[in-house]
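Chain naming follows the written order as A, B and C, and within any one chain the residues start at number 1.
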Amino acid sequence: MKKFTAIALSLLLVLFASPLFGSGSKEAAPAASDGTVTITWWAFPTFGQDPGKPAGSYEAELVKAFEAANPTIKVKLETIDFTSGPQKLTAAIEGGTAPDVLFDAPGRIIEYGRNGKLVKLDDLFTASYKSDVGNADLLAACSDGASYWMYPISASPFYMGINKEMWEKAGALQYVNLEGDRTWTTDDFIKAMEALGKAGNIGISVYCGGQGGDQGTRALVSNLYGATIANKENTRYTMNSTEGAKALQLLKDLADKEYIDAGLSIAAAEELQLFAQQQISATICWGTSNAKNYATNAFTQVSVPFPSNDGVPSLEYLVNGFCVFDNKDAARAEAAKKFITFISDDAVWGPKNVVQTGAFPVRSSFGDLYPGNPEYNLLASWTKYYGGYYNTMPGFAAMRTEWWNMLQYVFTGEKTVAKALADYDKNANAVFAK
Amino acid sequence: MLKQRLNLYRAIMMLVLIIISLLFIFPFYWIITGAFKIQKVAIQMPPQWFPTEPTFANFTELFLNPALAWFLNSVFMSLASMLLVCLTSAMAGYVLAKKQFSGRAIVFAVIIAAMALPKQVVLVPLVRIMNSIGMYNTAWAVILPAVGWPFGVFLMKQFAQTVPTEILDAARIDGSNEWMTFVRIVTPIIKPAYGALAIFTFISTWNDYFLQLVMLQSRSKLTIALGVATLQAEMATNYGVIMAGAALGALPIVTIFLLFQKYFASGITMGAVKG
Amino acid sequence: MESKTNKYGVSHAIQRQIDRTSYLFLLPMLIFFLGFVIIPMGMGIFTSFFDYTMSSFRFIGLKNYLDLFSDPKFLRSFWNTFVIVVVSVPSVTIFSLWVASLIYDKNAWVTSTFRGVFYLPVVTGTVPVVVVWKWIFDKYAGILNYVLVSLGVIEKNIAWLGNKDTAIWCILVILFTTSIGQPIVLYISSLANIDNSMLEAAEVDGASNLRTFWQIKWPSILPTTLYVVVITTINSFQCFALIQLLTSGGPVYSTSTIMYYLYDNAFSLYRYGYANAMGVLLAIVIGLFSILQFKSIKSNVEY
């Protein structure tokens, strides 16, 4: 009996001690005897795929090229999606099995960096690199103010896409501006929605069933009457304003008249499908990579910026980039850094990868990667409309949840616009109260 | 008169039941037929009640993903949990029923108490434990907690109590050791309980979406349930492909069920009566 | 002599041997049970007293628990969970009893066909069932809207899952279809086991159907009923996949359950300690329910 107690107790101890009181870092996979290092790469679907290829096909090609150039490093690829991917990342970080490299955007990456889960990338941001990027906002998006956590590869604006034929038929096309920068006003937007609605179409779907692609709804709401998501110093979320309330009230009224749809059970992925299937006349989650993934011959997709009161939009933009998780293994961290610089900077693969993200290079030395493409030239010129970048603010994750729930409260009428905004303000800014 | 009215009443009730049954079959029918509809047809209104131009395109697209691996993962996890649960539960249930060992009351009480607890309570710590023993993101992260759950022990204990003590004593006098007694005498007597527990464990592991969701990450290591959920996240309303995945996940179990319905029914009943 | 035997009347030497073999038999099960149930449970309880997030691990006593009761989202989720239990338990129990009593005495083919039909959603699997229902409920491409509009029941398409009044009912309907399979199987066998001679005697006496049911059938199916109530309660408390895949708890938390809110806090908001406190609370609630139900089983039924 004593023996059994001893065995049981020691088993208990082994199981109990390590997970709870251990540092939570995973036992470092020791370098294989032949000196090869294996790193894991998790990729959100930021690289587009060639038609008919499943998720991860392009990434696999890229890994092959890197391994050929660096025979001592092996890369294990995992593809994740935007719906359950974020939770999987959390579980992996908590479980101590975080990947070495993650391809994502600043929102989550800076949060991980701030929480001490990442390897600092300051050494990659040399003076010559910074001058090549030459854009202070972009560089700021890669850091939490103290250290650089994300190595960027490409950037592109978020905007709207409209179904030209549908708008034409409903007599709404006259309200959008298809000349020059294509900027248009909120009044035109309202008229267009009315025309579409009266013709039996659904203008847009303000999807708010989850957090996927929620930047589109934030861009729409903030542009309509010039509200801002955050203040200039990035120290407070500021949607609770007259302008914000006015924009939400407008959308609520349009939804009540059924000119637009309150997408209470859908997120961006569904909204884009509805657009591609011509069930809604415009998408508010358009961007270069979505334009590629949802390309169709069935109708003409036209990119337009978000409508604004004064006709000068403030666009949100996506910055694609990589971070390296701190898995307490210098060899793996080094290999991971080598890998991300290969992806972003390699003479052949760097520009190719930028194109595959469907966005614009962060390095000006890459030049014009889309020569002779007027659509891309137009999109590139929208850089001047880029607004402030708030995705790196503290409490960003919590703010997002508050955001789409706030939209739900407004559209269901569960709360008045004023009340919904006040609650959002309180909860989203709780992080600054501490 | 009374009899006639009663018959009419019964006929109406049967009719209602048949209509409700059709509603129950419909989702399954919709999965199978939807799997053969191209996207354009899948979302058209009015809907196509039966695919007039059946296509395998959805399956082609489905198998661009490691769908076969997902399916086999599900099979492996369910089978492994089933075997381990049956073995460990039978051994434990037998001694709990038939041996007056020290601490028996305490062990049994703890098992009963734990049975009522929701698995999800242990979620976050379980992630850490699985990581610390290097099993996170492997099939074992799903199998081991399933084996730890003590429902099976309770079931087996109830059954083992019906084994006559005289037979066990006789075996001991004949010089059979405990292990041989368990294998040769107890096991055949509680065979029906094995069947019940096996079916129960297989289905519950197959359907344990929550644990799979938290424990598995790699695309190649997903189960068919998780794979279909992932497809839904990626493809949103591309229903044809999603239904193809759902059909792949559902058909094998449904077929097994239809073939062995009798055993399922008796297994389920036994699990309950004794449980 | 006396000192060498224990309360079972067995000598200490033999008792030691019994203990040794017994624990050997128990060992495989105990390892899994301790490692993957008891220890994580202990850790869960322990960390529920901590401000435990991605970057902090700080003892805060009962604060997580106190916060729960002033968190409107948690209270809403708690309420929804309660509604799901209160609606689904009686409806599942009554419906399955009704179905079973209609078919248990028909010929074997009829009985097994119907039994198979109602058990179908269980073997189809939760996720396949959920994704097909998502399609059925789809505002634009869903067949439910098409049928109801064609029949003139509703005027225009409804976003069933996006409406705060209908979403929870969608969840309840799906939960219902996946919950009644097992109860029907149980009731069929339980009804078929009722002593026929008693039923015949009642018929000879000219007892009404209703009286036969309450006086003869009901007492014999009571144990089954209690079992059905227990498993349906536990299943309803743990409703998760439906919510995660269909509504993400929305709109406006109208379908959020404790289980879903726990998952959301742990994995979307990195609030592990808070999530664990929720888990412990849920365990206590289910525990209380189970004790009540086990008690009533014991007092009503001889096993």
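The rule we apply is simple: contacts are C-beta pairs under 8 Å (C-beta built on N, C-alpha and C of every residue); 3 or more make two chains touch, one makes a residue touch a chain.
Quick caveat, the model's predicted, so the values are computed rather than measured.
Enquirer: Let me spell it out: compute each chain's centre from its C-alpha atoms, then which one is farthest from subunit B's centre?
Expert: With centres defined by C-alpha atoms, farthest from subunit B sits A.
Enquirer: Comparing A-B against A-C, which pair counts more contacting C-beta pairs?
Expert: A-C
Enquirer: Using the average of all C-alpha atoms in each chain as its centre, how far is it in Å between subunit B and subunit C?
Expert: 15
Enquirer: Mind checking the centre-to-centre distance between subunit A and subunit B? Centres are C-alpha means, answer in whole Å.
Expert: That gives a centre separation of 38 Å.
Enquirer: If you look at subunit B, which of its residues touch at least two other chains?
Expert: Correct list: 43, 102, 124-125, 128-129, 213-214, 229, 237.
Enquirer: Scan subunit C for residues touching two or more other chains and write them down.
Expert: 19, 23, 30, 34-35, 39, 43, 47, 140-141, 263, 266-267, 272
Enquirer: Check each residue of subunit A and list the ones that touch at least two other chains.
Expert: 1, 15, 19-20, 91, 94, 266, 274, 277, 279
Enquirer: What residues on subunit A touch subunit C, complex-wise?
Expert: Residues 1, 4, 8, 11-12, 15-16, 19-20, 86-87, 90-91, 93-94, 112, 114-117, 208-211, 261-266, 274, 277, 279, 397-398, 401, 405, 408-409, 411-412, 414 of subunit A touch subunit C in their complex.
Enquirer: Under the stated contact criterion, what part of subunit C meets subunit A in this complex?
Expert: My answer: residues 16, 19-20, 23-24, 27, 30-31, 34-35, 39, 42-43, 46-47, 54-55, 139-141, 159, 161-164, 167, 246-248, 250-253, 263-264, 266-270, 272.
Enquirer: Okay, in this complex, where on subunit A does subunit B touch?
Expert: Listed in rising order, the residues are 1, 15, 18-20, 22, 24, 26-27, 45, 52-56, 78-84, 88, 91-92, 94-97, 266, 269-270, 272-274, 277, 279.
Enquirer: For a test of understanding, state which residues of subunit B touch subunit A in their complex under the given definition.
Expert: The touching residues are 39, 43, 64-65, 102, 124-125, 127-134, 136-137, 213-214, 217-219, 229-230, 233-238.
Enquirer: Please give the residue numbers of subunit B that touch subunit C in the complex, ascending.
Expert: The contact residues of subunit B facing subunit C are 6, 13-14, 17, 20-21, 24-25, 27-28, 30-31, 34, 42-47, 84, 87-89, 91-92, 94-96, 99-104, 107, 110-111, 113-114, 116-126, 128-129, 144-145, 147-150, 153, 178, 182, 203, 206-207, 209-210, 213-214, 224-226, 228-229, 232, 237, 239, 242-243, 245-247, 249-250, 253-254, 256-258, 261-262, 264-266, 268-269, 272-273, 275.
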